[in-house]
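Multiple structures follow.
After this come two complexes, each holding chain A, first together with chain B and then together with chain C.
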Partner chain A sequence: MEALFDFWAAYGSTVTFAMANAFFALSTYAVLSTGVLSFTTVTFAAIGGFLAAQMVGQFGLHVYLAFLIAGIGGGLGAAVVASLFLRLESHWMALASLALVLITRVTALNTPGLTGGVNGLVVPVTISQFELFVLLTVTTLVFYRLHNSWYGLASRAVREDAAVASTMGISPYRIQFTAFLISGAVGGLGGAALAFTLQFISPDTYFIGIAFTMIASTVLGGSFHWFGPIVGALIFTALPAAMQAVVPAVEDVAKGVVLILIMVFLPRGLIDPRAIGLRRAAKRRRDIEHEAEKTHA
Partner chain B sequence: MQLFVEQLINGWALGSLYALFGIGFGLVFSTLGILNAAHGAYASWAAIVGYYVFQWYGVPFPVAVLCGVFGGGILAILVDQIGFQPLRSRRMGMLGALITSIGFWIILDSLAGSATGHQSLAFPASSYPNAMVQIGPLRVPQMQIIIILSLIICTIAIHLLIQRARIGAAMRAVGWNDVAAAISGVNSRVIILLTAFMAGATSGLAGVLGGIATSNVSYTLGEGLMLKGFAAVVVGGFNDVRGTAVAGIMLGIIEVFVAQYISTAFRDGVTYTLLLAFLIIRPRGLFGSANFSRA
Partner chain C sequence: MLEVASQPLLLEVNSVVKRFGGVAAVGGLTAHVRQGSVHGLIGPNGAGKTTLINLITGLLHPDEGQIHFAGRHLEKMKPQQIAGLGITRTYQNVRLFSGMSVLEQVMTGCFLERKAGLFSSFLGLPSARNDWKRVREHAMHLLKRVAMDHTADELAETLSYGEQRRIEIARALGSNPRLLLLDEPTAGMNHAEATAVGLLVHELRDAGITILMVEHNMGLVTEFCDSCTVMNFGQLLAEGDPRSCIANPDVQEAYFGRKNDAERIKSLR
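Moving on, here comes the complex of A and B:
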């Protein structure tokens, strides 16, 4: 029991950060599952984070209300971004979203009235791990429901082939726009979660680091199922801590090597519904052949 | 007036570095379809190689630069063959390569930090031409002239190579559709290696020259070049090196002028706003062709 407490004292914060990163990964997954590679989650997270921090710090709102406002703020930001970006082709979209991340930081630096500028903002309240866990569970439930809904089916169709999807009466633009709204709301929640976890945010909090963490988490965990990003975020957040315990001297190098190895050997991610499906199909085929051989004999 | 012209040349030299780096980044993006997060590390490592070659062997300036450039190219080939080649055969598209490039970015930056002892090194003043050149009333550092000329030479050479030479046609073919290129007899493996080397070498040149000119040899060198080089590529249109060159110079001049005449706080803001404006209004960039598409 004592050992368990020690473990929790050492790695409890890692779990909290993993949960915050899971929001970002889910937000990235939301758009990626409709075939859009976008780093704009960082922008939505910045909107949500600063909005929540200001709501609590300036207006003394309750944390839950701040989360709600952060989600709505992220969603509104996403609506603006989506209406501008969805006209671009996929490669340009990726570049544009990366540019937006750079602009987000510069904007945050130069609007000290809203974001505290270079000095950042101190967030006076925090949330418990349990509250964060409940919020993540609810968000995950939404993704689970979406995955099995018409929207989930339509988004998979758009991802596989947008042209084919549109011949079947699915509007890729509307699906991708919806995806952006979901991504914005979840990204805003994640931004607020990070703000309440760190209790200090600055323009550098929401920058390239998060962009690459979330995209790596999503792809590592698997971008074809809602469970993938959560697993990915957990692994990607725990990896540095684990590497520090095993090989402290070359911690960063080991992290990079693990990332490359997973990608090279499991390019579709850890959670891959197709691989499971293929395995089942192969087994069924073997069984049928087996049966056939028996009847021939 | 003299200040204006001097700042113009400063900006031009700074922008030339961005453009040189951007040409390499753009080559990989347009030919190999990879958004390479590790590209900045090539520039850092080229500068580090150049620095240590000079420190250990005391070679003359051109040899140190050449070693750095060659080092950048070799590093690019290594990263490509270890990180990107296994994904190519599985048709993973841009996403897989992006993740492995993030992995390499982490590794190479961390190693670069160890190689420079986690500080910023500077080339000793005796290692490069550091005199001033008198042009009329102006005094221009020799390094700035070297940087400006390097960009002009590289842009013309690479543009001619891509647009006129057979090997350039093969590169464009692989960029457009590598399967179709292979069917018509292009050895895409060779083209990939060549493109990776050229991209690493060009960005490496930007790294070495930038490391000398700004007295900063560390992993931050590549990161700085990466952000601005990326902007130059997008504004210029990434399938045309001329566009990257012009856009890079433009961004450098704007940056220096904004810092000089408006405020240093807006320096990056103006660059990135311009970047976003271009992406939304004219996504194919200054010189980019209209029919760019990649399945």
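Moving on, here comes the complex of A and C:
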């Protein structure tokens, strides 16, 4: 009975963390779906997390209002980052974004007035799993609408071939700038979600761990549809917990192995709309051949 | 052809130079395209034809010289601005978007044709939904025009090369351009398919679209082009009426001289 209770406790927190990670994965997807690989989600998460914690702790604002401010803060941070980073070539941008992750941590460490520095911040309020679920659902709805709008079509074009897209009147810069704003807002929400879940944050909360999780989730789930990063975050968060229940020491190894297997055998991730089209085309070819054989016989 | 000759110039390329390293891919070329004409751009491989099309569409910027389109300077404009003025194109090596259905490809080409803003489209406002439907019908109509409407929902990359070329033409027509640039639209097609493209080009011209096309098939050039420009080594070799251009000894030399050399070298071995 005791064991069952423990299992539930562990399971419950896994779901909560999976949802927080889904925000980070979606934030990464937001830019990746326009052809930009960027680790800046970590920075947006830090902005959102510390902002939300301060809003609640210092100013006694309601949690919902703190989330709103975290989203806006992340978005503003993203506007600054985008206007600097979008000048860079894509591989340099990826590298610069990684540098920004390091800078973020050092900055957080050295501004104790805002972040609590090395001591971190205690977050005096929490949110329920249900509230987090609602927030994630609303965010997902936003991605659903984006996908099925002119923005979605234009962003897929920019990702596949920015030069060609530009000769059709689509400005790659504008699409990618917008993508950064979305990434910033969603990253900020994720940072706040993590703050209210952990109830204690420090500069190390928003560091390489998140960078690894968000990239792995997006690669695992796939970055060609909004459902991919959500599925990826769920599996990537739940799998190590499940593995640990079986073989305790295996967690980190399992993470790495799964990631490598996915990259080798499913380079486009688990959720891949294109694969469906390819399968349909293959089936059509088979049917045609079949017909030809029949009429021949 | 007389009517075409009296039409105003739509595109003027004046002494345009584009260098790659030390090599001038386009070396001081001057060329004109009259409104309402089908203008052929011919010349052997490496003559600089694709580079010229890249310069006109803003994917490259000239080192020297000017490009005027309907009285506007294009040299410093971004590709999306040039597209906004009404110039669209196809690519020598088909460049359709991976992962998109045929209809989505053409819808993307209709980006400038939409009336709904990105935000109202995101919100899914009724006006934006109606606009999406209208553009969708426009795209389907274009697919019908190139006889590809039956493949609307299929993944474009699973289709044949000739089919992909036709989809690319439909995509380029999406924003109702004034000038359409076709870079070797019939490459890899058989005679019947190529003739169909030629007929489509005439239909488009009769609907008011000016066309500049790179074409290697001299039969098609004489049959479907009203005028032409011949390039060699980035420079103008001949211009004017397609028949007299092709009959020009310099052009014959540029196109077939090398082939004769090649044959001779082969026979020497």
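Keep in mind that, in the parts below, the second predicted complex is superposed on the first by the 286 of 297 C-alpha atoms of A that agree within 3 Å, B and C clash if a C-alpha of one lies under 4 Å from a C-alpha of the other, contacts with A are read in each partner's own complex, and residues count from 1 in each chain.
Assume a residue touches a chain if its C-beta (ideal position, glycine included) is under 8 Å from a C-beta of that chain, and two chains touch if they have at least 3 such contacts.
Everything numeric in this text was worked out from a predicted model, so none of it was measured.
Applying the stated contact rule after C-alpha superposition, one finds that A:274 touches chain C and leaves chain B untouched. Using the contact criterion defined above for the overlaid structures, shared-chain residue A:283 touches neither chain B nor chain C, since it reaches no partner. When the two complexes are overlaid on their common chain A, residue A:263 makes contact with chain B while staying clear of chain C.
Of the two partner chains, chain C is the only one touched by A:168; chain B is not.
By the document's definition of touching, of the two partners only chain B reaches A:88; chain C does not. Touch criterion not met for A:62: it reaches neither chain B nor chain C.
Those residues of chain A that touch chain B in the shared complex are 32, 37, 84-85, 88-89, 91-92, 94-96, 98-100, 102-103, 106-107, 109-110, 212, 215-216, 219-220, 223, 250, 252-253, 255-260, 263-264, 267. Of all residues in chain A, only 145-146, 148-151, 153-154, 156-157, 160-161, 163-171, 178, 224, 273-274, 277-278, 280-281, 284 touch chain C in the complex they form.
Interface of chain C with chain A (complex): residues 57-59, 78-80, 82-84, 88-89, 91, 95, 97-101, 104, 107-109, 111-112, 114, 116, 118, 121-124, 128, 132, 154-155, 158, 171, 174-175.
By the touch criterion stated above, chain B contacts chain A in their complex at residues 29, 33, 35, 37, 82-83, 86-87, 90, 92, 94-96, 98-100, 102-107, 109-111, 227, 230-231, 234, 265-266, 268-269, 272-273, 275-276, 279-280, 283, 292-294.
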